[in-house]
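Chain naming follows the written order as A, B, C and D, and within any one chain the residues start at number 1.
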Amino acid sequence: MKLGFIGLGRMGCGMASRLLQAGHDVAVFNRSAEKMRSLLEQGATGTASIAEVCEADIVFTMLSDDHAAESVVFGTGGILAALRPGGIHVSCSTISVSLSARISKAHEDSGQGYVSAPVFGRPDAAAAGKLYLVVAGKNALIEKLQPFFDVLGQRTFALSDDPEKANLVKLSGNFLIASVIESLGEAMALVEKGGVDRHQYLDLLVSTLFDIPIYRNYGAMIADRRFDPAGFAAHLGQKDMRLVLAAAEELKVPLPFASLLRDRFVSLAAQGGDSLDWSAIGSLAAKDAALLPGRSE
Amino acid sequence: MKLGFIGLGRMGCGMASRLLQAGHDVAVFNRSAEKMRSLLEQGATGTASIAEVCEADIVFTMLSDDHAAESVVFGTGGILAALRPGGIHVSCSTISVSLSARISKAHEDSGQGYVSAPVFGRPDAAAAGKLYLVVAGKNALIEKLQPFFDVLGQRTFALSDDPEKANLVKLSGNFLIASVIESLGEAMALVEKGGVDRHQYLDLLVSTLFDIPIYRNYGAMIADRRFDPAGFAAHLGQKDMRLVLAAAEELKVPLPFASLLRDRFVSLAAQGGDSLDWSAIGSLAAKDAALLPGRSE
Amino acid sequence: MKLGFIGLGRMGCGMASRLLQAGHDVAVFNRSAEKMRSLLEQGATGTASIAEVCEADIVFTMLSDDHAAESVVFGTGGILAALRPGGIHVSCSTISVSLSARISKAHEDSGQGYVSAPVFGRPDAAAAGKLYLVVAGKNALIEKLQPFFDVLGQRTFALSDDPEKANLVKLSGNFLIASVIESLGEAMALVEKGGVDRHQYLDLLVSTLFDIPIYRNYGAMIADRRFDPAGFAAHLGQKDMRLVLAAAEELKVPLPFASLLRDRFVSLAAQGGDSLDWSAIGSLAAKDAALLPGRSE
Amino acid sequence: MKLGFIGLGRMGCGMASRLLQAGHDVAVFNRSAEKMRSLLEQGATGTASIAEVCEADIVFTMLSDDHAAESVVFGTGGILAALRPGGIHVSCSTISVSLSARISKAHEDSGQGYVSAPVFGRPDAAAAGKLYLVVAGKNALIEKLQPFFDVLGQRTFALSDDPEKANLVKLSGNFLIASVIESLGEAMALVEKGGVDRHQYLDLLVSTLFDIPIYRNYGAMIADRRFDPAGFAAHLGQKDMRLVLAAAEELKVPLPFASLLRDRFVSLAAQGGDSLDWSAIGSLAAKDAALLPGRSE
């Protein structure tokens, strides 16, 4: 079975590398060709176009946003046009629910398979095959893909026949993480202004009720006020809040925390922080409380 | 060393019981005398007044709110009047930062010791000596009390010389927990309306990034829509949001998540839910989304 | 000078009628032809296509949303294709800033004129020529159009060379009105639950500090709890909050009131209220306060 | 009939002056005696204590907050102790609903009359007798007081037998005004960042739908970014939001706009702005949008 992989950012690169290490035949493509280099050294087949990658039986995509995904799928020479009937597109990108539904319909109409498989995990987890995969699509397809999912992640959650539900769950998960960040930012601003050391406070939290990496890692970034380099950039977090709110509006579900988080990301962007780690919204409560220098300088 | 214990609700009862099991001599008092019964059977000395309990060297209090604490401390025949100079008052109640500061000052003026030691943990943790104690007060006092703290909890965090800082940290912790509840309520309403089973969703969350009891337990209550009986009643959660916002206003720290949580508790109370478990605010997003029957019937 | 008018809903119909009454030669088009009838009786020329209307020198559009405007302008046989070079498109619709900018660019590229002229006022004001027009575009075009604007409205505000700025101002105005509605809804729920008659309360407000039709009219709808028939439907209000937030996100301006208003409209829609008057969001505070029966029945 | 007046700030001073001009016999008291001077020149009788003022038949109070009102009423030698049975206390201060209820009960128990009569209007309106009075209390008392109310204001709104309802209405009115300020602040930040001149924008607003002094005056302060000197200080606005939220929590009415306004005032205070005019919260959206220099310098 031949595999293809489109989108070789830090996440995609780690995932493609895992597939190669497992002995698979992987053709790769990336808009900026230099990102292919390390994979070629690991045995990947370089290609010059999406169409060329689509000669594979199964094509994975890991793209940064709706715009990229839309053009890779629907563009001239895109996956939809190039993938043979019976071929499978596995979309791992965090894209909107509505785009995922649109891609699903288009593949269906073209006799191609489509499985949505967004992931939880940072680049190091991708490289180590420790991702969590949230998967939705036709059962038969998921069964066929399971061996590859087992190479990419430590666990697969198969949710539904409708691919876009995986995207909804993925976006909701990013909303939950952003809520953790904001709540930590507020709590730390409060106790710090009350005279409690914020590192000591964080230690208390993660030694007791909040003993998971999310609290530990984002808490440390907020306590250290160190948001650079970004593990996951704020502008991507902003995009995800926009997508979760768009899905919620479509489904008629008001999400007050998500609305507030969106405002936080907009505020951070206004102050020039959109390329910081998304946990930088956790510094805004401290700025509002005048614990940190003003917002816009 | 003789101990006293005032306030024998489910938390206080478990704590006093632990002290008795450790072999200490404990005099107890509760406004409603029948709550003393089981402790008397365990060897506690019953008393008829706060003043009588205050013949002890160290008096613990575990009371439900500022009103109760204020009257037990400052009322006629209260701790302030009855405790001998050199006696120590250990306040485990979740009370306001400002009341704790006021009690601290009053004990100081009366030559009595005061340590604030609010706890994290539910009644079963209290009974098992598995609480986390957040402690602040004079170092010498804390050292003297450490053996008792070791009986009550699995770990003690000594924060500061100023007793009220322990109260600030405790309140901030309840804010963090309430934020988890609200975020889970919103996320579950979203995915459910999108067609994902909410128990399956919760399983995904707590098997991956959110593998701690707070997400597991509150998530289960929200997924099951079962908020009765209350482990921690909504009206107490509402009180804590009020206290955290009062402390924040005093310290000039805007807390948008906390403001929103306060509105949620007010809404729940308006609909008659104030004696439900506080995780019932996690059902309001589903109500707003018309997943659940209307709000006020 | 020949005029064209596309979009004959209640607003467009009143406006086209004014132009006819002023003696102008007006060709009209509407997707559902029966809406043309009354205008034909008033002397309008009926047409069978957008292209036919575009034989005029100046074409007005008054459409309900971005989707309609996009298809009327960019669709096959749309204004862009049909209007002769030098022809002018006057867009009175409340559409997004980004679509307006896109239309502007396209007309520029095609040698056609484009003026954005959204209006404030309800259908009765449109029929009476009492609208307020917020106008942006090239000065020379605005001067040429001024006589027509004078027929349509009681005052024209020329803002800028960039047509899309008129759309931004129009959307911001709808945000201000929605803020009035929400604040009235909250205040009335509060005083009513405190035992004050809400009509008496409204009388006090509009006799003193808030003596303008917006407070008077929306206040009466909220006090009467009568949101049907809709003067301006809630789903249009929801659309406008979405557009104002999209413009704000683009411009990097966090708007917490607008975020909250958006949640209100989503909540109203979830409860089946999207075809009520948009002032129905003014009943949600009363529902949250359990003054009104539950939300979803 | 002899009158007394306690609290001679800018509002109280103007009101007492009106009563003198109408020919009444007015004894005055203020904690800082120098504020009495101008009134003595106008014919007022100076006094050295609250008790001395309370020899009058009717005693007006105009005090800045609950703390002052509580001490003037309940303190040693306060109104409650000093006013003769049958005497009437007219409280014009903007105080909490709960304190007003407590004062009402105490006067009732002492055989004294109590009418709550908070006012809308700034100091110049007080001096000109152009206030609006929101009045509640026993009908017979209000009738007796009407001639004095007619001297103080342009219109009296008698609401209820329960004095505290007037306080609720007054607080709700300040909430409505603060909502206007915030909405203007957000709208102006939005259009300004979109390239529209904010003075031109304000002119458009107040020439059309928002043609009342509240929009005109606060809009001008926001457009001019001039919040000093304060007509009504931000810390008083903050107090009123706190009181309106406390009343709402007591009545179980969630007020999301009010919660957000409270956060704005806290943020303004953190940045050192609590003595600016309360319309300075209208600058925070511009700060969040990085239109203005950072927040805390």
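What we mean here is this: a contact is a pair of C-beta atoms (placed from the backbone, for glycine too) under 8 Å apart; a residue touches a chain by one contact, two chains touch by 3 or more.
Everything numeric in this text was worked out from a predicted model, so none of it was measured.
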Given that chain B and chain C are copies and touch, would you call their interface same or different according to whether over half of its residue numbers are shared? same
Top of the farthest list for chain A, CA-centroid basis, is D
Report which of B-D and A-B is connected by more C-beta pairs in contact. A-B
List the centre-to-centre spacing of chain A and chain B in whole Å, with centres computed as mean CA coordinates. 38
Rounded to the nearest Å, the gap between Cα centres of chain B and chain C is 52
Give the residues of chain B that touch two or more other chains, as numbers and ranges in rising order. 248, 252-256, 260, 267, 270, 288-290
As the complex stands, chain B meets chain D at residues 238, 242, 248-249, 252-256, 259-260, 262-264, 266-267, 269-270
Could you please specify the touching residues of chain B with respect to chain C in the complex? 256, 267, 270-272, 287-290, 292-297
Chain A touches which residues of chain B in the complex? 97, 120, 132, 134, 155, 157, 159-160, 162, 165, 168-169, 172-173, 175-177, 179-180, 182-184, 186-187, 189-191, 193-196, 200-201, 204-205, 207-214, 244, 247-248, 251-258, 260, 285, 288-290
